[in-house]
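What follows is a set of structures to go through.
Each of the next two complexes has chain A plus one other chain: chain B in the first, chain C in the second.
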Partner chain A sequence: MPQLGRAALLLSLGLVAYALIAGSIAAWKRRRRLAISAQNALLASFFSTAIAAGVLWSALARRDFSFVYVSEHISRKLPLGYALAAFWGGQEGSLLLWLLILSGYAALAVWLNRSNRELIAWVVPVLAAVAGFFAFMLCFVSSPFATAPAPADGAGMVPSLQNPYMLAHPPLLYLGYVGLTIPFAFAMGALLSRRTDERWIVSTRRWTLAAWTFLGVGQLLGAHWAYVEIGWGGYYAWDPVENAALMPWLAATAFLHSVMIQEKRGMLKVWNMVLVALAFNLSIFGTFLTRSGVVNSIHSFSQSPLGGWFLGFIAVCVVFSISLIYLRLPMLRARTKLESLVSREATFLYNNLLLVAFCLTILWGVTYPLLTEALRGETRSVSKPYYNFFLHSFGLPLLLLMGIGPLIAWRRASLRALGRMFLIPFGVGVVTGVALIAAGFGSSPPGLLAYTFSAFVLASIVLEFVRGRRATGSILRLVGRNRRRYGGYLVHAAIVLLAIGVAGSSSYQTVREKGLKPGQAMTVAGYTLTYRSLATKQEANALATRATVDVSRGGSHVTTLHPGKNSYPVEKMTSNEVSIYHDPRNLGDVFLIADQINPGSNTLYLKALVKPLVNLVWAAGFLFVFGALVAMWPDAVEQRRLADRYAAGAVAA
Partner chain B sequence: MTLGLVLGGALALIAVIFVARPFLREPAPASDRLDEPGELERRRLELVEERDRALAALKELEFDHRTSKVNDEDYRSLVGPLRRRAAEALQALEPRAEARHERIRSKH
Partner chain C sequence: MRRSPARLVIALSVAAALAVFVLYTSIAGAGTPQIQPKELAQHTGVVLLVGKVVSTGGDSHSPGGMRFVLRDVKADSGARARVVYHGTVPDPYRVGREVVVTGTLRHGVFVAQDGSLTTKCPSKYAPAKSKT
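== the complex of A and B ==
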């Protein structure tokens, strides 16, 4: 059925092209029926794209190797789950996933906001233009429906992708990346329609939060995937493609904070537009990095013809958004000013500056090697120390601000009130810092600062809940009436857990390597690791070799671990299969990597890492999702108020 | 091959009908104009947003005062201007609200 897939994609392209042209004319000439027709075209494009996606999924499930995409990405022995996940394992499929999610989001956003005809009339062509680019690429540059005589078996899937995280990490990341198109389209729609009031913000508040949450969770899942699968003992390598997901997330984080200042004070309208455009353009840039093959990364696909197209599209998007913001500057002027540099909105502003500065330094780190290679032909790389320097320079003040912000009132705060509010959190922070130094944890100044600031932030969050509960009489009532605020605090607590986990597992980790024969042992951070034996086992599509290593502490047996390697005959590749013990006492891991195995002499070259507190990084993910859900959960009172605000307009119009 | 093309053609036909639906449902509408708020309506929305902002700020201030984030002195200096802003926005909206109610009454 490749013809059906091609026909469906061509139809999608036709529909979004119609939505772009007819939608623009309708919005420009104020034609009601044409505007609805363009909306219908956008809705229909989702269904035709879904049919194209269905064709590809069906080919993957049936292992129809006459599809070049199928024969290049799966094999007959690959388990069905991974075969279906190969949809986003290759370049053409992941572009189709982009279009599928975008057209689905676009259809839903247009449907939910269909009563807001004036704004949506301009949103439709913007969404259609973005979808049109991806539909064009899929039809004419990188089609997943190319066919060839079917080989007896396919090339299979890269071993590192054969992991349960493959089922969740890429789609979640895409839900985040693509989701940032919706606030961008509404922001541009607001500028095009000259409706620079808060309606576009109200319409996209939850979309932005959802996209930001997906992007955050997607990154965390990717980090855990790298941790358990890649076998180097870390979870974030400042890989350009990892950075590509972090940058739009940072820009969106800045936007989520600064948009509150616009809602509460009517300020920062230009800045918010810039941030929305930045987040969207960075999400396209991230897709470019992954799809074009310009960077060598575990995530990126081979060299492809997509690079030039993506660069052209990014240039168009950047020029379009900057020009439009510039043209509408007079409509974006704020009527109020910052009253004091010591106020909640001022801390949001500092937070924004730090987030954007961090985002731009990462952007420079990613683009510098590309530019030097393109302009001078020199191969340069920007490595961990560069990023760590800026992580400490911007990340630690950001952490501190998370504790300061909630303690300061909006508009302005007197020093006396501040002193009273800061007393307990400041005391908790100082006591924690001193206690850590006394306990011998002063060896890493960034780690020490991270823990001290984390204690300060957690104390300020706990105090916020305690004071709020006292004022309202119940935690449920408190959170129910202020979901965004207290959901935000929970997200802040998650970031603190993340910071504690990252600081503990990086600043205080222990690493040992040793070649062992059966019966020999090595020690690492108080654990004794005794190598017992080696065994091989045939699995569905790999030959698994596993070592048996007993882990003991203080003479008592703790657990038995099985690090090893998998050999994939179809893919002709070998992967490291790490083995991990989660120690509940220090919330850390004993992480074993079989660096080299010599089956002839039964020798095992074992690399052991002890990573204290690393499990807080993953626990932070659950709290992050919970906090985000609290913040985006619909508030009936708020919904009624907003419905009244805009319905009244409809009566008057 | 043929089945794929037939299905593709059928899909295209359904899509065309769906896209043309607004014109098929209303071949000759009384008005094909997309509503556009006038200057008055835009001003009203600005005032409503201003009113909502002032009321939300008042609510926030009350809460911060109850949780001791804002002391009595700061509260007194901040609450007056906020109340004035909310009152001004409400006052500015009042005649328009009256006019709107009048229009609704006259429609019935």
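== the complex of A and C ==
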């Protein structure tokens, strides 16, 4: 079996190498049959990679410990779902997942755009080059098919990974990371083929939206996983590995907005090329961060020989993208100019600058230890206060712009029109702010601003729906006629919910901790927590110890929670098992952590957090996906309009 | 033809972003030094101490706190840092694990800030040990 896996990977490498070389020659010399042959090779590489993936999944399912990868990542007692999820639990497997998704995406993107011959001819070698790097790594640097004499049992899986989120979070993140390769390949293909009109954007709009959605949902699932599993009471720690996924998402968010300016007004062509290259290179940088061990991370992806390879690949990609954009600058001139600083395109520009500035300050923070080490000989790092400062500095104006942008006219807006459009949202924002100050929420200025701006944005979104409904007579007809626009508004509403949830759960949370004996109680934010007893139970692969804690409010019993710890004998590790009560009154949580348990004396050191509105963070995820699906849903009318526009060779000015 | 104000917007935005950045770094300083036990004696202020746990004992929620000893992560220079810590102990913490803790050296003992201990997740993406 391992031989089959190795052979399939070598075949993949050969196929993508052929697609790269033959595809480049075909595009250069305009040889149609050779170009089709290169496309077919790229398509075939997906099937050979799928065979390699099948071999690894089969070995994991059969617990074939002669595979080093299997013996190092699972054990006999590990449930089958987690055993299969170990595919992406280790370095070699996750690289194979990268290649599998990339070759699948590439095959689909090439097949769907095969009629766009000139562009696709150059897209194929770009995709093949990226796939070639990963295939090379899997064949010669980090093979998942290494073998050794099989041990009696495997090392098992880290307890914190034994969570249902392990089945969804990593693959979703990879679907997002890898998906950013498609718009990058089309952008580079457009530059190489000198077809720098908006066709490449139209071809990849849904790909970008899908990758961006996967990356966003993947991060949110990761945040929820950390929240319910890691047991520290938070969901985002500004860790380099978390930031690695946030940076390309921010760059892709900027790109999704700025392409609308290019489509509508023929502007920002260079900027869009830069953004798509930035998003792709950051996605590779994120993969590099998780594998090189060059920066300290609680996720601790150990030092490995892969870092140098990835750094080299990033350098090649950055130099290639910058050189190509520079060489094609004369073809990327804008057809129209920004007419006013008070216009929709101007607010999109402000939004872009804030998103990119935020992205780059995070990049600065992540690479700061490396830079100080290189320049000063001393490693220094920045932490939560640094990131929070820039979150407030750039995030709050971004939130405000979400309410302003959709209401401002294209090209130029008059003061009178602005007054008319913003009267209601502005009024809602001011009333909300004043009411919140009166209710005592002024203790956290960033929290207060986030709530006030959120009210303003929600009012502007509702106003847009109300005005649109008046014009069309039905919400469904309104959304159906302009899915992209109203899908975007739904996503904006999701971001507002996220902002409210984050502000509530961070700026207004209460934390208390206390050592308790059975019968003793502690209070936190109006709740009384009474520790009753301790119990131990043998589960499939762990010994579970749980405390019983009664939660009451105003003398009335609310619920009983069971925080505790699991002890994993195979992995020789212990994990915190938090217990959460979702309070429908404030959409928040009572979050209990059994920080320390002493079974001998039955004592418990209990940490309790009350996090108002935190459930809006997770609710935002559902609305985010729904809005993204609405925006992505195929629209025949829009397709015909775009086809007509490009057939006429004109961009609306 | 009149030049587009886009360039002005970009230039002003970059200047504003730089101003915010300079403001931050001048107010909040330029990061915290990240050191290993062998470098600890040379630093008097708040540092991030990175090391491997050699021995550990005590209760992190007791008045005396948890006490542990760290050595350098890579090449062991022989230097040892004695640490006293109060607060939550991460799940994967134990002897042999790599940890990061924030604090200050006082009278030969590294006094950690409460709740600042983080432990690296031990196996994910670790290189394979033996291959054929």
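Following the convention adopted for this analysis, the second predicted complex is superposed on the first by the 630 of 653 C-alpha atoms of A that agree within 3 Å, B and C clash if a C-alpha of one lies under 4 Å from a C-alpha of the other, contacts with A are read in each partner's own complex, and residues count from 1 in each chain.
What we mean here is this: a contact is a pair of C-beta atoms (placed from the backbone, for glycine too) under 8 Å apart; a residue touches a chain by one contact, two chains touch by 3 or more.
Bear in mind that the values here come from a model prediction, so they are computed numbers and not experimental data.
Visitor: Please work out whether A:N243 is in contact with chain B alone, chain C alone, both, or neither, and reply first, second, both or neither.
Guide: neither
Visitor: Where does A:N576 make contact in the superposed view: on chain B (first), on chain C (second), on both, or on neither?
Guide: The answer is second: A:N576 touches chain C but not chain B.
Visitor: With both complexes overlaid on chain A, does A:T204 touch chain B (first), chain C (second), both or neither?
Guide: neither
Visitor: Looking at A:P159 after the superposition, I want to know if it touches chain B, chain C, both of them or none. Which is it: first, second, both, neither?
Guide: The second partner, chain C, only.
Visitor: Could you say whether A:S507 touches chain B, chain C, both of them, or neither, answering first, second, both or neither?
Guide: Touch partners of A:S507: none, neither chain B nor chain C.
Visitor: Which residues of chain C touch chain A once you look at their complex with the stated criterion?
Guide: Per the touch definition, chain C meets chain A at residues 2-6, 9-10, 13-14, 17, 20-21, 24, 28, 30-35, 48, 50, 59-61, 88-92, 98, 100, 118-132.
Visitor: Which residues, counting only chain A, touch chain C once they are in their complex?
Guide: Of all residues in chain A, those touching chain C are 68-69, 72-73, 89-92, 94, 143, 146-148, 155, 158-161, 230-232, 267, 290-291, 296-305, 334, 337-338, 340-341, 346, 349-350, 353-354, 357, 361, 368-369, 372, 378-383, 385-386, 389-390, 393, 515, 573-576, 593, 595-596, 605, 607.
Visitor: What part of chain A is in contact with chain B in the complex they form?
Guide: Of all residues in chain A, those touching chain B are 1-4, 6-8, 10-11, 14-15, 18, 26-27, 30-37, 40-41, 43-44, 47-48, 51, 117-118, 121, 197-199, 263-266, 407-414, 416-417, 420-421, 464, 467-468, 470-471, 482, 641, 645, 648-649, 651-653.
Visitor: For the complex, which residues does chain B have touching chain A?
Guide: Within the complex, chain B contacts chain A at residues 1, 3-5, 7-9, 11-12, 14-15, 18-23, 26, 29, 31-38, 40-42, 44-46, 48-50, 52-53, 56-57, 60-61, 63-64, 66-71, 73-74, 78, 96, 100, 103-104.
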